[in-house]
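I'd like to ask you about the structure that follows.
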C-alpha cells in the first residue's frame, strides 16, 4: 500500500540564488529505489496553497534514512517550503512515478547526463547509481547565470562535468546543446531533464538512445485526475507524466 | 457502523462519504492507498459514448483556497469502461455511481442504458454542468426545460436510479432542481465547479490552455452550502453534496445544509487518504455530539425547533 | 505619475485604484490612516433615498480565503449623505462615485438625480446586484430587460456618467452587460459578491443572522477574472474591476483581463493601507515591466499579437 | 494618523486551559492610554484566515514599550496566533475603540469589576489604573471550570477578588451574578465584560451606574464596514462596537 508520511527536516540550506537543498528523514526513504522519481509535498496545513508540489528526489541516503531535494523558490509553494526549519515536518507523498531506467546497459557503458536549471537534481542520484554499477558518466549542466549554478562539484566527483551559462558568466557561454556539440559528447545512452525547449533540442540532436524527464502541472500526482497528460507520438493514446513518467524513452511522447 | 449508514435511491451506503467524479479516476490509483470497500460509494470519472481526448495542457491552475481544472472530460469511452474499469471495481464491496457526459440526449441515454447493466453500478449521475466542454454539457444544466427532458428520457432507459448533477453557474438553481425532480430524477448532486480563470502576469495569457476552467476546493464551499440549503428545502429528492469539503466539519456543514451524502473532490489530491479520514472523523463527531444516526442531521439547519447539538 | 493616469467617463483618475463600495464607508475612517487624495477615486457606501437600518448581526462570517457579509445596505439616507458626507469629502482632491441602491426604478432615479448635483460626485454606480436585500436589488441584476430599462431611466436624470454594477450570480453575465450598454451605461463595475452561506456546526444554524451573505475576498478572484475577461470582449464601455484583489499582482490580473480601473474591497479590512500600497506597487511594476501607461495593459490577455512583458 | 505596526513577541505562554498570555513590543504602545481598548491582529500573511482578530489590551507597560493580551484559542485565528514564538512578528492595528471611562469618579471611589471568561483581560489594566488613582476595586471573575481560571492572583493584588465557576471546582459555584448577590457586592460604579447573557443579567440586577464592554463579529475594526453595529435603546440610531464601543454606558445600547 502506498503511504503518506510527515517527514522531518534534518538539514536545509541555500546553495545558490533562490536554490535550496533540503534533506528529510523518515520511513518513506526505504521505498526510494529508482533515480528520477519524485515526491509530492504538502507545504501548508490549510488550503493556501491548495495543491501539493512535485519535487524530484536528488539523492538518497539509506543509511541515514534520509533523502535530499534541491529546489528553486518560484512561487508560494516553494516559498513556504523554504521557511521550514530543521526539526519541522513536511507532509510527503511518494516516491511517485517511474524514474530513469538504468538496466539494459551493457557493462561499463558511458552515459551522457544533461540537466537544465531545476532539471539538474534528479540526475545526481542517477549519476551516483550509474557509476556505482561501474558505468561512466559525463554531465552537462545548463544555467542562466553564474549565481544560479549548483552541484557542479558534486557531479565532478562522479565524472567529467561541463557547465553552460546563457550569459557566459561561468563555464561555456550558451546552451547545453552547444556544449554537447562543441565537445562532441556522446555515449551509449543519454538522460536529460530540464525545460521543454532543451528536451526538444536534445531529442532532435542526439542519435543515441535516451530518456527524458518531463515536467507538467499536476493535481493528484498519482494518475487519477488526468491533469498531467501528454500525447504519445504516432498513436492515439496518452501518457500521464505523474504515473507513466516523469521519465519517457526519447521518441515515445510529444514534448 | 449503523450510525453511519445511509440509504439513498439505489445506494445502500456504509457511510455518507464518496469520492467526487473526476477526482478519483476509476478507483485504481487510490486502491493503492486503502481498501476501497471502506467508502460509502465510488463515483467514477465522466464516461462518454466514445473515447475523449480532453483539453490541451496545462489543465490545472491554483487559486487562493482552490484550484481550476479544465480536463475536458477525457475518458476512455463507454466500451472500455464496461470491459475494464467496471469489472475491475467488482472486487470491492462498494456501490458504483457512473458519471455520464454527453453532447446529445441520445448520448446520455446510450451510456446510461449500457452502464446500468453492470452489476456493481447502482446509480448514474448525469453531468449536465461541466464547464469545460464547448458543446452540450453546460446548456443542459442552464435550461430547466432541457434538463427536465434529458432526465425523463434517461429515466426511461436507465436500469438504475438517476442523479442529476447541477451547475452552480446559473441565476436560479432552484428552478433547474425542480425541473429535474419533475423529470423523475431520483436525486441531485451539487455542486459542480464554478467557472473561473487565471492569467499569467508575465505572458499576459490565461494559465489554462482552455482559458477558463472549473473552480473547486475550499474557496467554493460557501456557495455549495448556500445552494444545498436553498434547494433541499424546495425538492423532495435527496442531495449528494459536494464543493470544498476538506474535513469532517466541512462534510457535516453540507449535511446540515441539506445533503444526505457528501462527495470529496479536490481534497483527494491534497490527501490521498481524505475519504477514509473523513469517514473516521465523522463517526467520532457523531459520538461526540451523541447523534444516533447521521441521517438525522440532514437539513438540520432549516428544520424548525432546532436544538443545538450537545456534547454531554 | 502620468504612467498611472486613467481617464474614464466622468473620472479623471491619478491612478486606477479606488476602494470598493461598502468597504470604505464615506471615507472618514480611512482618512485617519492616509490622505485620501492619493486615491484614483472613492466609491462610497450604497445610498438609498431614506435611511436604511440594514440586517441584524452577526453580519459577517469568515470563509476559506474570503468572507461573507450581509450588511443589508445600511446607510444614513440621501439627505444625510448630501448634507454631511459628500461635503466632507470635498476637502480631498479625488473624484467621488456614489453607489446607489433602490427598490424601484424611481428610487434609483431620485438618488442619481440628487447626488449628481454635488460638485465632487463625478459618477454614479447602480448597485443592481446586492444579494443581501430581499426586495428589488437583485432582480434588476438578473433580468437584462429590467437592467436596461433602469439604466435608460437613470441616464435620463443623472448629471454624471452612470456605471452599472453587475451581479455574478447569473447564468449569462454577457447578456446583462450588453443590455446595460444598450441602455446607455457609461461603464460597468464587476463583480459584486457571490451568494454564499456558512453554518455553525454546534447550533446547526446559519452564522449570519440574514442566513445568506455575499462572498468576497481572494476566493472569488478567479470568478472575477473570468467574467471581466468575457464581458470586456463583448462590450465597448470600460470596466471597473473588483473581486479578491489583495495586492498589485491581483490588480494587474484584473486589468489584463479587461478592467480599466480596479476597486479594492475586503482587503481594506485586512490592511487599512491596502489602496495606497497597491498604488505604489503597481507603479513599481509598470517600471519593472517597462510599461509606458497602465491603460496599455487593459485587456492585454485577449488582444491578438501578444508579447510577454519583458523586464529588460 | 492611525497606524499599523509589525510588533515583536517578547513573551508568550499558556496560563490556563487553551488560554495564552502574549506580550508584544513596539511603538504603538505609546498610543495605548485607555483601559478597555483593543487591537485588531493579522495572524497570517495570506488570506487564511482573511480577517483580523480583535483582542483586548490586558495590560500596558510603557517602560518596556510592551503590552500584554490574554486570549483563548477558539478557532483558526487564535490558533495561528498561539503558534507565534518569541521574536516573531505580529501585524497590529490599534489601539482601537473607546475604553472604560475612569474619569467622573469622586475621590476614593469603590468600583465593582465583573468579568466572564475571555471578558476578564481588559479589566486588568482597568483595575491597575483605578487603584493607581486611589480608587478601590473588588473583582468578580466567572469561569466554566477550575482549569479555565486565570489572573486570580493578579487581581487579588489589587483588591478583593471573588471567583465563580459554573461547576464549583474553584471559588463559589454558579455565575458572577450569584457571587455579587451572595456577597452583596456594590460600590459607586461597576464595569463588566463578558458574554452577552452575563452582561444582560448584570445590567438588569445592578442599581449603580455602570459600563459594559461588548463583543461583536468584526470586519474592519475601524468603523467603516458596519459589520458590528448594535441598536441604541429608545432611539432610532445605532452604535458601532468597534469605534463607538466596545464599552458603552449601561442602558445606552440593546445588548
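Each chain gets a letter, A, B, C and D, in the order it is written, and its residues are counted from 1.
Going forward, contacts are C-beta pairs under 8 Å (C-beta built on N, C-alpha and C of every residue); 3 or more make two chains touch, one makes a residue touch a chain.
Computed from a predicted structure; not experimentally measured.
J.: Which chains are shared contacts of chain A and chain B?
T.: C, D
J.: Suppose chain centres are the mean of their C-alpha atoms. Which chain sits farthest from chain C?
T.: A
J.: Any idea how many Å lie between the Cα centroids of chain B and chain C?
T.: 34
J.: Averaging over Cα atoms per chain, report the distance between chain B and chain D in Å.
T.: Distance between chain centres, rounded to whole Å: 46 Å.
J.: Just give me the whole-number Å value for how far the CA centre of chain C lies from that of chain D.
T.: Here chain C and chain D have centroids separated by 36 Å.
J.: What are the residue numbers in chain C that touch two or more other chains?
T.: As it turns out, chain C has residues touching two or more other chains at 63-66, 218-219.
J.: Using the touch rule from the top of the page, what residues of chain A touch 2 or more other chains?
T.: Expected reply: 46-48.
J.: For the protein chains shown, what form does their contact graph take: line, ring, star, complete or other?
T.: Graph shape, chains as nodes and touching pairs as edges: complete.
J.: So in the complex, the part of chain D that touches chain C is made up of which residues?
T.: Those in contact with chain C are residues 1-4, 42, 47-52, 93, 216-230, 236, 238, 243.
J.: Using the touch rule from the top, collect the residues of chain C that touch chain D in their complex.
T.: 22-25, 28-30, 32-34, 45, 51, 53-54, 57-67, 69, 71, 74, 217-219, 246, 266, 268-273
J.: Hey, which residues of chain C end up touching chain A in the complex?
T.: Contact set of chain C toward chain A: 64-65.
J.: Along chain D, where are the residues that touch chain B in the complex?
T.: 46-48
J.: Please give the residue numbers of chain B that touch chain C in the complex, ascending.
T.: Against chain C, the touching part of chain B is residues 63-66, 68, 142, 169-172, 194-199, 201-206, 211-212, 215, 218-223, 225-226, 229, 244, 249, 252-253, 256-257, 297, 300-301, 306, 308-309.
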